[in-house]
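Listed below are the structures to be examined.
Note that chain A is present in both complexes that follow, paired respectively with chain B and with chain C.
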Partner chain A sequence: MIPAAFDYYRPKDLPGVVALLQEHGDDARVMAGGHSLIPMMKLRMADVPHLIDMQDVDGMNGIYVGDTGVRIGAMTTQAELIDSAELADAAPILREAALQIADPQVRYMGTVGGNVANGDPGNDMPGLMQCFDATFTLFGPDGERTVPAREFYEAAYMTAREDDEVLTAVSFPTPAGGYAYEKQKRKIGDYATAAAAVQIVKDGGSCASASIAMTNLSDTPVFSEAAGAALVGTSVDGDAIRAAVAAMLNDIDPVDDNRGPVAFKNHVAGVILTRAIERAWSRA
Partner chain B sequence: MKDEVTRDDRIAGLKGMGTSRKRVEDARFTQGKGNYVDDIKLDGMLFGDFVRSPYAHARVTNIDTSAAMEVPGVLAVLTAADLEPLGLHWMPTLAGDKQMVLADGKVLFQGQEVAFVIAEDRYAAADGIEAVVVDYEELPVITDPFESLKSDVVLREDLDPTADGAHGPRKHPNHIFTWEAGEKEATEQVIDAAEVVAEEMIYYHRTHPCPLETCGCVASMDKVNGKLTLWGTFQAPHAIRTVVSLISGIEEHNIRVISPDIGGGFGNKVGAYAGYVCSVVASIVTGKPVKWIEDRMDNLMTTAFARDYWMKGKIAATKEGKITGLWCHTTADHGGFDACADPTKFPAGFMNICTGSYDIPTAYLAVDGVYTNKAPGGVAYRCSFRVTEAAYFIERMIEVLAIELNMDAAELRRINFIKADQFPYQSALGWEYDSGDYHTAWDKALNAVGYDNLRREQAQMVEDFKSGKSRKLLGIGLCHFTEIVGAGPVKNCDILGLGMFDSCEIRIHPTGSAIARLGTISQGQGHATTFAQILASEIGLPADSITIEEGDTDTAPYGLGTYGSRSTPVAGAATAMAGRKIRAKAQMIAAYLLEVHDDDVEFDVDRFVVKGAPERFKTMKEIAFAAYNQAIPGIEPGLEAVSYYDPPNMTYPFGAYICVMEIDVDTGEHSIRQFYALDDCGTRINPMIIEGQVHGGLTEALAIAMGQEIAYDDMGNVKTGTLMDFFLPTAWETPHYTTDHTTTPSPHHPIGAKGVGESPNVGGVPAFSNAVHDAFRAFGLRQAHMPHDHWRVWKIANQLGLHG
Partner chain C sequence: MSKKMHITLTVNGKEEEFLAEPRELLIYTLRERLNITGPHIGCETSHCGACTVTINGKSVKSCTMFVAQADGADVTTIEGIGGPDELHPLQEAFKEHHGLQCGYCTPGMITRATKLLEENPNPTEEEIRFGMAGNLCRCTGYQNIVKSIQAAAATMNAAKEAAE
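Then we have the complex of A and B:
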């Protein structure tokens, strides 16, 4: 568990980061909290001759809660998310989800930006960001651009981010209604066997809108538009939930691994989503 | 006025046996000031690491080390060809087999050691490993022992297929041994004639002890004085010294083996590993100290695993549930080499304790050991040689029999327990149980958990489940186990010919403090605390004034080390016996000082008093001073003693465990509502340490039963080589434990103590597993193999049709 040799850089600003990325191309990687990247380097599964540590880069921190939306700097740690009272108020699901990521030691280091940029289907934040319909801000040689979270993920570890771009922030409209982040895992510090992010808006006795995203059940996070649609206009009764689950199962594509065979994962995905919907609805 | 010091005060001041004395080790451990092998740093020390095979079965056709030698900092690369002239390319295993130190033409398991890179630091060694080019030719892989015994693929081409192995005839080139106990024909007759027979295949999956500290060593050959010093994570330092001497030819007085602080062993650090041999050779070759430390993946994938027993059982009984016979055939998967750590005469360990706590008149056991393309090992992971397997087998068979009889499993146990007045009890498979009172323990346990109410609640939950009100089921996991520990009597217990006695040497200092050295080695058990307590009670000096030292073969008396809960039964007995020798001499000195006859003084807590005149006494402190500083006619100066203790029998701790578990039928998740553990380990030396040992052992049992495994795919790749997939519980997954005890001393042990460190693992696994099984009993489940992780529990429910 010893990484190969690498050069270490610690630039102070974003242009400095981008310059290094341009200079070294494929051979360079940015590091945020390092809690996904360093294990891969130690296993020699990631070859990173040039490692660019972003801890000193200005302007990538901070949580801004506005009237209509939230913006979180990429270098914000999971622990900071959990500790922010403002955020707990504006988007309580974020805290509920962050508390289910790894353990406190990992959360003190792991960042929001690293979690969403990584492209690991096991990460919890990407699905949540899709549930929010968040936007990712990328900074590259040509300046800033934004990409919707729902269009960002292409395959495992493959995203819309170019090699010479840095993800600087995530932004999303203040979520409305009831929420739930439900996650089944084998033990503390484990990635999800199945996880569901649900936001539901209630109008009278019926569902006005619903947003549903699933984690670690495909090679990317899965925003299931059809599952949400199955709830809209209903009283979120058993039939509606079953319809939402059926729609979700159409959208996911789990694989057999140490967490269990495909049939189990499909079953658990349904159970987890059912529980998330029920809990979100009860809070709506 | 000064308060009178009472006799009770004097007893309390000793902090002797029965006291919850705080662990003296913890001051350094809780401050991060332990001294582990990897903390050892010597001038000019080099670092060695292995090129390991990515394949489970392959021929090694070429090893090109030239590029590695170009890596800055790399000094040498050893291969089998380099070790062969020294005769060190293979080494003997503890089980009488031999094992490649470095791949000699082929590899037999994934992760097998192929070449040893020696470099200036571990970074350069890691780069060197990447640069070694090995050509492999893949061979067919066998990961199933049953298939192995039928296969044309010969795994061990180095062995003559027709020759006997270390334990007798072999039936097939991939077969290692057959070992039998009990009466085959008689048992089969009982089973044929029985009113009721329950039959089941019970698999105890492969797992791993996974100590927090991995294995490692530092070898330092001093070429000037010819002395080799070897620091290492050794559970048996003296045995390692003897083995190193035998295989290297270095005389034993020129070898010093030191086990410093050890971060857990659990059996993983009993055997000899290629890393030790290569480090020693590397130090001899380079003339510099060489360190080798495994990483976590090395440890999980290549060092000694545990279990992997396929146990086919038949249990016969009358209609009323009285057991009449037990039959067991075990297929034991030993991996590529037979490196089991068992006493020589017991290639399947003490698996013949599998009649458990029950009075079973007739029994038969056969075990077949088999080679496969998996890592070698087969150690007693927090148990005495294969006792966990035996306990799991019988405690599952009892449950299956209860189902067959449609009987309550607690009652079935009760009517079959060996009765208190039957001890010492001769078991059908050859053991003499020393003492026990199972009925008392069992009734205490059932009462403590409110057993009858739990059964009512369980029935209600089944009703609620059936009527759709709930999706949860309740399991009540029962276990009454009997351990066999304290190996052992030299007449039938040895490892590599080394008798399994143990030892203690005591020196009393003139001012009344002492040092005692033992042949064992603590890996977290708290020996420095408890052995001082035994001595305090025996010799009347405060435990706080007694230093316990272990693990340095230059200073400690010879002993076989710490595993199999043998330290208290064997070295603890030696400690008491050596203490008694001290006391005998002290008695003579006291009599001289008090000017009375030897027989006219008697020992009282911390002094000798003149019989009938309690105001006339000499304290042990005074006696110690006199021993060194006063000329006493007919008595040599000094106060020292040594005892080598060869136990007359094993000890047989037992316990009653009950686990109450709720299971989510839809997700396969569980939650443990209650865990009650009653242990009877005979005389209790330090109740707090016992409780700590029970908590630790139960948590490892939880791990094994509920998720921990070393799993292989069909290609022989290890699927669980990191702690992401190998389950090591944290405080989060660990339930609250309620501990309790009864006390039935061992009649043959000097202080009546039996050992406890492993009981909770032996009894815990069946309790957790039986809880899972019991939850589904109402729906027809008989047997589902561990580990009971989420998907496997889900699968039970799914196959029983509980998902609608």
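Then we have the complex of A and C:
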């Protein structure tokens, strides 16, 4: 498999990247680990006349855990995410999810930034970021701006990022309470048939707050505010979980594909969310 | 055709310099340009792991890396791990424990396993299966691959203890 020819650039800083993006418009693409983009280029489903490799750009790596929040540089790999003891303490759901992404070789290369910026509905990090109510930092010709994760995704591969902007970091408040990332896939390395990210805060015997987001069940990740609301104030018993699942099913919009028909996906989404809520509650 | 790039790579300790189109995939550079044919082309779609090499200390599927990305990198293939005259403990263990049948996946398996044991010298069976999940074998059913890696880990740990 030989991809179409391209010009290759390895700029050293963000202004250099943006200058290339401005010069070449949507003929240029930035590449982090390349494990989404290169397969698409090999299949000639992505046409990239100008490829901008981000590996030498300074300041895009690293995990910063502060008193109230976490910031992860876009070039941080899934393997680095998994290995971070600080992050495992501050936001353990990220490690649980990252371990379910692809396989070891891919996790050494695949980055958090690539996973969230690509806009593939099958990627796991976008739903997680919506569960956290994260914000994405974008760098463009006019400097930095931030966009909430819950407003970033417009359609498959369509996001709020402009052609001349680069996603440089994700930031989120330190998540509280119990957590679970539950993912159903056909085999290791596959994208989700359905996946659920759940964070739940318990106060006494009842649920004080809950945040729920679903992956690969629509052309964007789905933050289901109604599903979370269905749990608040309850003891997260069977009735409450069934209400949350019903609310979630109202918010997703799966399509028939090689992972199954719509009825099956709705069924799996319900099973996966039920398991995720039960596990998150047991840890709350 | 795009402009050729001047590429420098260190492969198994030897510096290589050549001109290549940036779109050349690293697996083709290794096999066809440098005649290093240990890493195999299996699926060529980032699934099977037959093309696994170690690049700057990471296990990488070399069918999913452009040679331009690897410019300046340090690459180790199965040829740099051990040879017929001096087998690596993993190669010895795969031979002893029937960790291969047809052998097609073996260079990628062993290259990946060197990194797995470097990161986790005492893996459980589950950790081996999870850590080797990026490498597919259609012959063995994996059972003997797991046994081989366990045996190699024991040999390597014993050698390390003896040296201390």
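Odds and ends about this structure:
Criterion: the second predicted complex is superposed on the first by the 284 of 284 C-alpha atoms of A that agree within 3 Å, B and C clash if a C-alpha of one lies under 4 Å from a C-alpha of the other, contacts with A are read in each partner's own complex, and residues count from 1 in each chain.
One rule holds for everything that comes next: a residue touches a chain if its C-beta (ideal position, glycine included) is under 8 Å from a C-beta of that chain, and two chains touch if they have at least 3 such contacts.
Keep in mind that what you see is a predicted model, and the values were worked out from it rather than measured.
In the superposed model, A:Gly260 lies in contact with chain B only, and not with chain C. Judged by the touch definition given at the top, the superposed model places A:Pro141 against neither chain B nor chain C. By the document's definition of touching, of the two partners only chain C reaches A:Ile38; chain B does not. In the superposition on chain A, A:Gly59 makes contact with neither chain B nor chain C.
Within the superposed three-chain model, A:Val271 lies in touch with chain B and out of touch with chain C [touch as defined at top].
Applying the stated contact rule after C-alpha superposition, one finds that A:Gly25 touches neither chain B nor chain C. In the superposition on chain A, A:Gln105 makes contact with chain C only, not with chain B. Judged by the document's definition of touching, chain A residues 1-2, 4-5, 103, 188-189 lie at the interface with chain B and also at the interface with chain C. Looking at the complex, you find that chain B touches chain A at residues 122-123, 125-127, 130, 295-297, 666-669, 707, 711, 719-720, 724-725, 727, 729-730, 732-733, 789-791, 794-795, 798, 803.
On chain C, the positions that touch chain A within their shared complex are 1-3, 5, 21-23, 25, 44-47, 49, 52, 58-61, 63-66, 68-69, 71, 112, 116, 130-134. Taken together, the chain A residues at the contact with chain C in this complex read 1-8, 10, 34-35, 38-39, 42, 51, 53, 55, 79, 102-106, 108-109, 188-189. Contact residues on chain A toward chain B in their complex (touch as defined above): 1-2, 4-5, 44, 103, 184, 186-191, 193, 258-261, 263-264, 267-268, 271-272.
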